[in-house]
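Letters are used for the chains, namely A, B, C and D, taken in the order the chains are written, and counting of residues starts over at 1 for each.
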Amino acid sequence: MNVSEGVGWALAELMTLPEAVAALVHDGDTVALEGFTHLIPVAAGHEIIRQRRRGLTLVRMTPDIVYDQLIGAGCATKLIFSWGGNPGVGSLHRFRDAVERQWPGPLELEEHSHAGMANRYVAGASGLPFAVLRGYRGTDLPAQTDTIKPIECPFTGEVLTAVPALNPDVAIVHAQRADRRGNVQLWGITGVQKEAVLAASRSLVTVEEVVDELDPRPGGVVLPSWVVTAVAEVPGGARPSYAQGYYDRDNDHYRAWDAISRDRAAFTAWLDAL
Amino acid sequence: MNVSEGVGWALAELMTLPEAVAALVHDGDTVALEGFTHLIPVAAGHEIIRQRRRGLTLVRMTPDIVYDQLIGAGCATKLIFSWGGNPGVGSLHRFRDAVERQWPGPLELEEHSHAGMANRYVAGASGLPFAVLRGYRGTDLPAQTDTIKPIECPFTGEVLTAVPALNPDVAIVHAQRADRRGNVQLWGITGVQKEAVLAASRSLVTVEEVVDELDPRPGGVVLPSWVVTAVAEVPGGARPSYAQGYYDRDNDHYRAWDAISRDRAAFTAWLDAL
Amino acid sequence: MTGPEPSGGRFSADEMMTVAAARALQGHTACFVGIGLPSVAANLARRTGNPGLVLVYESGTIGARPTRPPLSIGDGELAETADTVVSVPEMFNYWLQPGRIDVGFLGAAQIDEFANINTTVVGDSYREPKVRLPGAGGAPEIAASCREVFVVLRHGPRAFVPRVDFRTSVGHGDGPGSRERLGLRGRGPVLVITDLGILSPDPRTCALTLTHLHEGVTVEQARAATGWDLAVSPGLGRTAPPSTVELAELRALLGEDS
Amino acid sequence: MTGPEPSGGRFSADEMMTVAAARALQGHTACFVGIGLPSVAANLARRTGNPGLVLVYESGTIGARPTRPPLSIGDGELAETADTVVSVPEMFNYWLQPGRIDVGFLGAAQIDEFANINTTVVGDSYREPKVRLPGAGGAPEIAASCREVFVVLRHGPRAFVPRVDFRTSVGHGDGPGSRERLGLRGRGPVLVITDLGILSPDPRTCALTLTHLHEGVTVEQARAATGWDLAVSPGLGRTAPPSTVELAELRALLGEDS
């Protein structure tokens, strides 16, 4: 995959969320929704469910309740991930139901550690086919995938681990703000969002607000408009996760999800009401 | 080299510059003074000259006039670098005199591109023995060094380039500020300073001022005290380069260096007066 | 392991476990904090014996000073109170991987005699697991790269198994020499702290051995809660019960009435 | 290559060169700017035909809007006016290497018929050079990775040599197919802009061919200033002289009286 074919030439278009999902996310795509606890693009995930996308390969370091929902809704046939849980609460029951009992369908897994996933995005953002790390050695993970291989240092002979680049068809992230030209700004815990956007062929950024001017912020990350495909203004688009400077994490919502997620009927009712 | 043996346990000590150079920089060391145009640790370089260090392997992406001075003063026997010039002005004549006419002594070169040097520091900071990049292919650089080798992607078979990690004995950088516990803050163009400090066994940070509290800054990089060995307060320590928020680049000084540098006698007079 | 003056008051086994874990962090510089029990213990350590302890969370926060333990590893207060926040790739590559963090603090679903950890699947088959667990997260590289690893989990035969169903993170592998052969540079798990006592790998065999019992716990209880034939250290000690201060700080941290 | 209405006034060959280089940037999104002549031309392009042009400097500034061309590639004004400033490793790995920048703008000490560039040494021996030049800097990877490369330098037989003494940055290598065989993903040098005219690689042979002459320059002058037997395009054109606006903006940029 040649990043330069797909990214970065026109400026980002400002769209509504339904328009953006319709334009950018297709059945069968590899889709990464990133945001490490902070700024999770939940509203975009719900829109994907509403538009009934099927056959997606979902990518995410920390699949949490929005991925539980996408999996339970039958959008995904494969998951590339490193930690799938409801942080501080427990299991993702829809994820478990798919893996343990193939409901609503089978879910293929491509499983890594956080270090491996982060480096796969780094390679993707860097236009490299692979990344090198000290990782996985002695664990049972390499036996379950062909995406973890040994590699020898050409200078010292030491054996390390290689993982292939991740280059999603679409990356979706949430940010605090964009300006009217489509330049995006996020701050606080910024996770792996920059890498996900730069690694992907297309990108959608939902934002709390569109402003005239992005005043510089400590810890701020800016994604220039010309590396973003679409921006959609979606206030509250990260709830129940949080947007630093806008609203806090709704921990009760995460706790309440446990009961809904445990039960297929309760989940189906939730889905029907979405 | 195992980074964990040398870095990050005690907090940084506040010292004077002469004390810090005496304690941290030894004859024969590999020493990196970094700062990409901005925040060049010039005062620390002058102190190394005053303390008459010899046999140094000097490392720097962009050797500029402070490296011209160190080389002319006879401190270095080897230079690891990617671009040696007086930016916007012309040659480094002391550097040229050493390479072209072995004055004041021979200077071994280990020469890379910026991309290669940056990735060598990244590997050093990451505890990896090498880094991978798309670089050098078809150029005459690999024939001149054993630090550029081909490497094959274990997933795609594509051939890329590997470079070995840089792990200097000492990294020296200049920053705007530190707090009294030795936490360091810099902002503006931050170059490869974080990587140089994290890659090195020991580190010295000269700062414009020591303050009670580091208020967050847009674009700010913080080096926690426990990864820094020594901090020295040296106001103006980056002149004639600049310290954003403190003083501007003295472009006239760079232009004036050309005449001093061209002539061995003029340079020797400069050196005697240092 | 001696502790401060006992509280005299009542405390739960979980409280004892957390206090013992917090005490273990004394004298350390930086701790890579897993979610849940490790996070509570690390925050308690900052409030009791080690106020300078640098808490490092995999979300990217370095030097966070939360007023209460975060539910997730990326709560907003972590970023707001941190010395610096870095990207997730930087956290793993520049901070964890080179061995810059002295203690990694992990939980586990299963742990075996050589302190290998499973957080992936329960059951014989990875493809058709009995229970699908969350997976690796940061644990494999925390276990590989931190200078030392502490593990904290509740003691019971379903958790303390002879051999983990899936080796998510390597402890001491197959025993002496395993870590060296794998090129793992940290020392691996040096303490396993439970609600019954404390285990350490035997320096010769690497097998987890009971070194301390918490107040009111017997060797038989600990052995019954362990799925292998648990060795007991000849110098078996007694953990000091939580002090009044430790208990008060722990309960304040959890927002409970002390 | 047609330009706006001529100024009628006098202009220097260097001014013509810079204006021609600036015009070439029309329609482009992002330009990786080398120090010196490329920086002046790129800044002129922002003030004339392409106000939205994103200037990317290897020091880490993206979208800088300096009021005058910086002496170095890392002057303070670049950071102060940029959309964002990234670390130097990030600049090379995330921004340059994947081919995200559409034009790379380079200078050169020597260039040869296949637009290979030398900025390392003059002379037969790398170890004992006649002239030691600054070296590679960002150029090898700019030449490899940008979608297209423009080179700007003064025309003369010591610069335009049959074969560069040292191949610092690959243009079209040894001719057709070279870049593909080396796995270089950008198109390489598509324009060489000098104080005499403009050269482009012949689509069939890859050899630099004279396509435009600046006002008042003859084919013989260009051929005499070139160290190889310079081919001339059958459709040889004339560069439009600088317009009043171009000249005024250029002189204002350089702080000169217009």
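The definition used in the following text is that contacts are C-beta pairs under 8 Å (C-beta built on N, C-alpha and C of every residue); 3 or more make two chains touch, one makes a residue touch a chain.
Predicted model only: the values in this text are computed from it and were never measured.
Any chain that touches chain A and also touches chain C is listed here: B. Of the two interfaces, A-D and B-D, the higher number of touching C-beta pairs belongs to B-D. Chain A and chain B have CA centres that are 38 Å apart. In whole angstrom, the spacing between the mean C-alpha positions of chain A and chain D is 40.
Once the centre of each chain is set as its mean CA position, chain C and chain D turn out to be 58 Å apart. Annotation: 29 Å between the Cα-based centres of chain B and chain D.
Touching of two or more other chains is recorded for residues 122, 127-128, 133-134, 158, 194-195, 219 of chain A. Taken residue by residue, chain C touches two or more other chains at 93, 97, 145, 185, whereas all remaining positions touch fewer.
By the definition given earlier, chain contacts exist for A-B, A-C, A-D, B-C, B-D. Against chain B, the residues of chain D that register as touching in their complex are 35-36, 58-61, 70-76, 78-80, 85, 87-89, 91-93, 96-97, 120, 126, 128-141, 144-145, 166-170, 173, 178-179, 182-185. Partner chain B is touched in their complex by these residues of chain A: 127-134, 147, 149-151, 153-156, 158, 160, 162, 164, 216-220.
Listing the residues of chain A that touch chain C in their complex gives 36-38, 61-62, 81-85, 87-89, 91-92, 95-96, 99-100, 111-115, 118-119, 121-122, 133-141, 144, 158-159, 188-192, 194-195, 219, 242, 244, 248-249, 251, 254. Taken together, the chain B residues at the contact with chain C in this complex read 2-4, 7-9, 122, 125-128, 183, 194-195, 198, 221-222, 224, 226-227. On chain C, the positions that touch chain B within their shared complex are 29-30, 54, 62-63, 83-84, 93-94, 97-100, 102, 145, 147, 185-186.
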